[in-house]
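Chain naming follows the written order as A, B, C, D, E, F, G and H, and within any one chain the residues start at number 1.
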Amino acid sequence: MTLHKDVMLDFARDARTGLDEAVFCAGKTVAHVAEILRQVEARAGRILLTRLHPDQFAALPEAWRNRVDYDALSQTGYFSQSQSQPHPQSATKQVAVVAAGTSDVAVAREAARTLAFYGESPAEITDVGVAGLWRLLERIEEIRSMKVVIAIAGMDAALPTVIGGLIGAPIIGVPTSVGYGVAEGGQTALKAMLASCSPGLTVTNIDNGYGAACAALRILRLSNA
Amino acid sequence: MTLHKDVMLDFARDARTGLDEAVFCAGKTVAHVAEILRQVEARAGRILLTRLHPDQFAALPEAWRNRVDYDALSQTGYFSQSQSQPHPQSATKQVAVVAAGTSDVAVAREAARTLAFYGESPAEITDVGVAGLWRLLERIEEIRSMKVVIAIAGMDAALPTVIGGLIGAPIIGVPTSVGYGVAEGGQTALKAMLASCSPGLTVTNIDNGYGAACAALRILRLSNA
Amino acid sequence: MTLHKDVMLDFARDARTGLDEAVFCAGKTVAHVAEILRQVEARAGRILLTRLHPDQFAALPEAWRNRVDYDALSQTGYFSQSQSQPHPQSATKQVAVVAAGTSDVAVAREAARTLAFYGESPAEITDVGVAGLWRLLERIEEIRSMKVVIAIAGMDAALPTVIGGLIGAPIIGVPTSVGYGVAEGGQTALKAMLASCSPGLTVTNIDNGYGAACAALRILRLSNA
Amino acid sequence: MTLHKDVMLDFARDARTGLDEAVFCAGKTVAHVAEILRQVEARAGRILLTRLHPDQFAALPEAWRNRVDYDALSQTGYFSQSQSQPHPQSATKQVAVVAAGTSDVAVAREAARTLAFYGESPAEITDVGVAGLWRLLERIEEIRSMKVVIAIAGMDAALPTVIGGLIGAPIIGVPTSVGYGVAEGGQTALKAMLASCSPGLTVTNIDNGYGAACAALRILRLSNA
Amino acid sequence: MTLHKDVMLDFARDARTGLDEAVFCAGKTVAHVAEILRQVEARAGRILLTRLHPDQFAALPEAWRNRVDYDALSQTGYFSQSQSQPHPQSATKQVAVVAAGTSDVAVAREAARTLAFYGESPAEITDVGVAGLWRLLERIEEIRSMKVVIAIAGMDAALPTVIGGLIGAPIIGVPTSVGYGVAEGGQTALKAMLASCSPGLTVTNIDNGYGAACAALRILRLSNA
Amino acid sequence: MTLHKDVMLDFARDARTGLDEAVFCAGKTVAHVAEILRQVEARAGRILLTRLHPDQFAALPEAWRNRVDYDALSQTGYFSQSQSQPHPQSATKQVAVVAAGTSDVAVAREAARTLAFYGESPAEITDVGVAGLWRLLERIEEIRSMKVVIAIAGMDAALPTVIGGLIGAPIIGVPTSVGYGVAEGGQTALKAMLASCSPGLTVTNIDNGYGAACAALRILRLSNA
Amino acid sequence: MTLHKDVMLDFARDARTGLDEAVFCAGKTVAHVAEILRQVEARAGRILLTRLHPDQFAALPEAWRNRVDYDALSQTGYFSQSQSQPHPQSATKQVAVVAAGTSDVAVAREAARTLAFYGESPAEITDVGVAGLWRLLERIEEIRSMKVVIAIAGMDAALPTVIGGLIGAPIIGVPTSVGYGVAEGGQTALKAMLASCSPGLTVTNIDNGYGAACAALRILRLSNA
Amino acid sequence: MTLHKDVMLDFARDARTGLDEAVFCAGKTVAHVAEILRQVEARAGRILLTRLHPDQFAALPEAWRNRVDYDALSQTGYFSQSQSQPHPQSATKQVAVVAAGTSDVAVAREAARTLAFYGESPAEITDVGVAGLWRLLERIEEIRSMKVVIAIAGMDAALPTVIGGLIGAPIIGVPTSVGYGVAEGGQTALKAMLASCSPGLTVTNIDNGYGAACAALRILRLSNA
């Protein structure tokens, strides 16, 4: 009944910040998610859905579900009028999305899918944690060739520190909730990144691949301006 | 005796990352700080000293003290061979250093002094916290004209969220330890920034104006490349 | 067997504090909840049930269940002898219940339903978080016209700070558990509100829409006395 | 040199919220505090100084110091053009400032001094903690006669819960940092108040007598409107 | 295979401390619990089972299950050779088990069942939280007549403080995990009790009704010696 | 001026709980402490002062200072009309005050001095931590002969667990703030004691020797009744 | 599709550190686990799987499942080409795996299974917690005869401290998540071990039996070199 | 008076564990430290003093002070009958003490001085943090040649993880309290080490160079046995 009053999308965000609004779906009822899609459609807009749990996705009315390009691993969905890939993809790779371990792939994919939604094709480099240093060193030239680096790691999160000491590009750390015990759901990875001695490393919330991608997009637009 | 063995400066950092090494002085003995200056001089180098407490500075041998361009509020020092301002200053302002309150000025100055050490002249905008929103709105066009924004705030740290929703440039949040009780030495400001709904806001450690400046420099070099 | 001994309702609370007792159902067995309803009925009383989980509600004997006006989103129930709306509703709106995002609606509804139980018709204003500032500014005159404001927000919880700086009425902040990672189940929102620079903002427990409504009722009774 | 740029007072706050700006002095340099007084004087204004440490006060230039009505216990100062009591005092007492123990008096005094700055004469009731329940019961009628109650307590902070169950007026809890060990600088008192079963109790930051007074003023203005 | 090696019961505990061993079942496999019962039977002993979840109980082989006197609310079981009540019950009540709310009954019952296992018949007094003070005052003489008082409360846990100020007997506080948000699973109740100004109040772990009963038994044996 | 209003001693506590009031001096001004002594003298009473820092003691007016039997290590003082030892001392030792290390002696002395104030002569046994187990085993018979045991330990606080498994008497654990790093000011010792597998061990706040002594007195009075 | 790119095993680890790689399976998709086995098989290698939940194991394709020697209690699996026990077992026992309680057996088994994977046959000694000290003292000579001791305990974790004071061999503490309330998922056990007064006790993450076994293997190889 | 009763040294420790007792001086009165020296002298023993603050050392009676070989940076002292170096020094270096930064030298020196007290001459390698990776790689062969490695780091503490992946010897991590903000006095370094993916890394308390040295000594004795 009052459903439409519970939602007031920020359609002006694109004009102000250069990024369409995205919707964080965790904690929203399915009815609220559907109402959001209805409003986007009414504006002939497009929207990125994040943290859309498979159970939420499955509970969406089929008509909406069919029109969402959904990826279960990253829990992201693309919704737009005519095509699943809302923005044309750039020809060259400008962002490296580097993940320390296979368990960090879900977060890395959220970052990569967010970049793709806005037209960037990232280079995804996975399982290069520093406990086996040669794996990172083997890929470091590829990483160095990118404009921006997103470094994703859980547990002790040493990866961004080591990369940050090896390259000069902007580097954004994303701690993940991978681990147990003192990993504390990613708090230790987060604090280790923030306390890093690598100068100029900045950090997002735990598991926030979406936020890191947005930060990269802000930088790319500046650099390409 | 073993003093020189306790110090191994990373003179190659500039080549790798584009930033000369800086030295974090908190927790170092005065003898260690002096040994560092001695090694820099031997290499005819230059170095930025951060967290150099006035008591540490006062205890340095006079010969060294006289050659450091020291600022007590930000606890930073410039050391170089021939001049106090080690790098020539850029003609145009490209970075806004925005602080929520007068109590945040020490951290803002650390960021500004770091930028100046590497040749950038930032625009410093202070006391524009969002509890008196008109103050920020009055300055928002000036902020929007910059390439990078460093937003510094303590307590509830709402400033970067509001700015992040108003501009499209890269924005780096620096939480400060200003406040008492639940402010918890800056932990609340830090977490509030990390949990912000402003997409693409990245964050540094508490009071880390130096780190934010380095992140801004990484972005500027990319953008000016 | 000893069920009736496990419950001693505070029927005198209304006389002392002007508010009938309400019952917090989380952690109570269904048998205990039913016993409470039995005692209320025996006194021909009325009672507000909060945190009554849909599973608890579904497990209540049908006779009781049919007589509870239940709302699943807010997990609240009204129980009274003859009618579902225990108190007559006021003609004018005196309280604004303002929520930062759609995910905060469950808590907002708990506040609104509590107010309605005691006869107040609140104005519900949703999805006006400060990352899209225009949405709040568009509604600020409506908010300013109210006697009391309840401001509900999760994540960085900047909303009450900004509102508190724009109006002179009493303002009660309710942090929500919306968010992930450093949001820490609402702890960050709570601390950000408590550390706010907006003078005179007071705060309730996380997700405690019921408590905020009670605080508003205490103020309204004073103001209407 | 840039001192005046570091301060931008919110002189419009009174018009928006009905409260002149106050200045939180902890963490500010003495030069910044003096600059603030200079700006207030230039506007022929008045200002409340909070958390002005005796050492800061003693370091102020004598000319300024002589014109501040300073109270060392509460660390508050009144600054205005012609008189120490900036607002005329109300004839009747409308607010009770109730403190659990003698150690809580500094915080109670901050609340009382803030109320007096804005013209309210509070009733101060001290050392009525609930471990000796008769002391509170002896004063409860006096407390019940007030429009608003500020309840101040450290350690286990049971006082506001007990008062909240005995009266119907708005009640604002202020946790204090009194105690040791698990008292954790007031965190336990804060959380105990927030978790209280007394419905409608709202809470401020630890030791924030100033904030509680502002909340009381917001309520009084409404009630006297 | 190695099951019997994983268990080494402390059959000598009774001789050393006057209390038979009890077994904490949470985290044990059903096979381990069954092995423990087998060893107890082999010694013709008796044992108290605590934290035996209904699911664990249901999964026990029927032969064992039939011989355990199980109470689901408190998750306790009595196992002995010939009778369900292993020790004869005392004629007089010496211990009051006082619980603040109906939600605290599960913990109160664990304490009461432990006392009964060792032969004590406690007085159970429930729902006397201090937000409705008259309920406690109505029962205070009964409480005062007991040799030992166990006071059980969650949330802000003010009950033991108030009781402790009214009686001279030994008083043991048991914090419960009842509550949400800042209640933090009982941490706030625990700390509030430990920080209490009631002199001589001692405390157990959260929800540890068993431990409080054991402490009471130690005192009773001393007092009856 | 209002000094006498800031203090309302609980002279009735003795009648209610069997223990004279004691005054916790930390956080009180010297003027407040002196006012308390004045009120006690006016009633011809006696009082135990705890946490009276040597600096506070030294700042007391000499007349008062001369009449306080002060012990700097435990920071306790006895104040009474005619004699320093306010209660006659018992002939036999009934309480063991057992401390794990020499660093715990200050807390042990607070317990011992509190017991002595109320007439008990405790057995003090020090430096028997379980990392050198023979030291404890050498004294265990002496400990076992006591009616009540107070076990004091910092760091990992294993002492009370081991004692609790060896004796049947009531045992009260007092964690101390001795240690560094993860000792976290006594939090680890506190939690280790609360999580102990020794059944019936109860615990006080960190460094709270006074509270443990009061708990022991409550038990002794019961046992001697 | 990109599955093989998400995995980059560190096959060179054995050469560098003397230990084959092991794979931590928690948080990995079943598809990723299967891909890892595929790569190991392609190299004719062997691998230890840890934290492989029974649900993950059950979801593996049958062909892979049949070739894993899986133990559900410890959640470990052995995978190798021709045999389930990848390394030949040593004839003599050199490591004691000592667990405080039956609830700690899952972690002890993870340590034991890791040792066995690399060829060591440990002595497993269980249920010797120090609340019943005789049980440990009965086994202490056996423990003293080992080259390395792994001591596993939850709750207050006093076991490693007591053992560490009785023997001279290297001792590695493993805290477990056994317990409730202040046990805080093993944090208290962890901190108690780290704060232990037993000199030379080192510690692993909570529940990290695998890590302790690896540390023991590093020591054994040194000692047998 | 009772000073000698407050101290019971564990002279038998050497026989049990192969290590003479050492005394942790923080929190001890100077009188207690002197009493300890008196007892050691009476037994013609030797003792290592740790955490002996320069102020404590300066306050010792001169006779004792002259006989302590004191190092202010590490706050350690050697006390023995006839010579300052109580044990003869080994000819070969078997332990590497590796520190990430110059600020970590105080902790590294505590480890080195402890090793030297018991006769080991460690290799001290400093300022090889991984943000400048070449510094570590330059020294890795030297590190690999040692029997045991102690790796000391603060902030994000990535050093032990990287070393642990490069060598096969036992490695002991020591987190330091170097850093600010989220470094949280070494808690982040500690947790990062415990959560490390380097298998077999074990860890000591924050700043516990003494404990790491003792662990290394336990291993060396085994390896040299």
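Everything that follows uses one rule, which is that a residue touches a chain if its C-beta (ideal position, glycine included) is under 8 Å from a C-beta of that chain, and two chains touch if they have at least 3 such contacts.
Since the structure is predicted, the reported quantities are computational estimates derived from the model, not experimental observations.
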If a chain touches subunit E and subunit F alike, it appears here: D, G
Same-interface partner of E-F, chosen from the options G-H, B-D or E-G, over half of the pairs matching: G-H
Centre-of-Cα separation between subunit F and subunit A, whole angstrom: 56
Length of the line joining the C-alpha centres of subunit A and subunit B, rounded to whole Å: 27
Centre-to-centre distance between subunit G and subunit C (centres being mean Cα positions), rounded to whole Å: 49
Two or more partner chains touched - positions in subunit A: 13, 24, 131-132, 164-166, 181-183, 187, 190, 194-195, 197, 199, 205
All pairs of touching chains, each written as two labels joined by a dash: A-B, A-C, A-G, A-H, B-C, B-D, B-H, C-D, C-E, D-E, D-F, E-F, E-G, F-G, F-H, G-H
Complex interface listing, subunit F residues touching subunit D: 2, 5-10, 12-13, 21, 24, 26-29, 32, 36, 51, 177, 185-187, 190, 205-208
Interface residues, subunit D side, partner subunit C - complex: 13, 16-19, 22, 24, 147-148, 164-172, 190, 194-195, 197, 199-205, 210-212, 214-215, 217-219, 221-223, 225
Parts of subunit C lying in touch with subunit A, wherever the complex brings them together: 73, 102-103, 105, 124, 126-128, 131-132, 134-135, 178, 180-183
Residues of subunit C that touch subunit B when the two form their complex: 100-101, 129-133, 155-158, 161-162, 164-166, 179, 181-184, 187-199
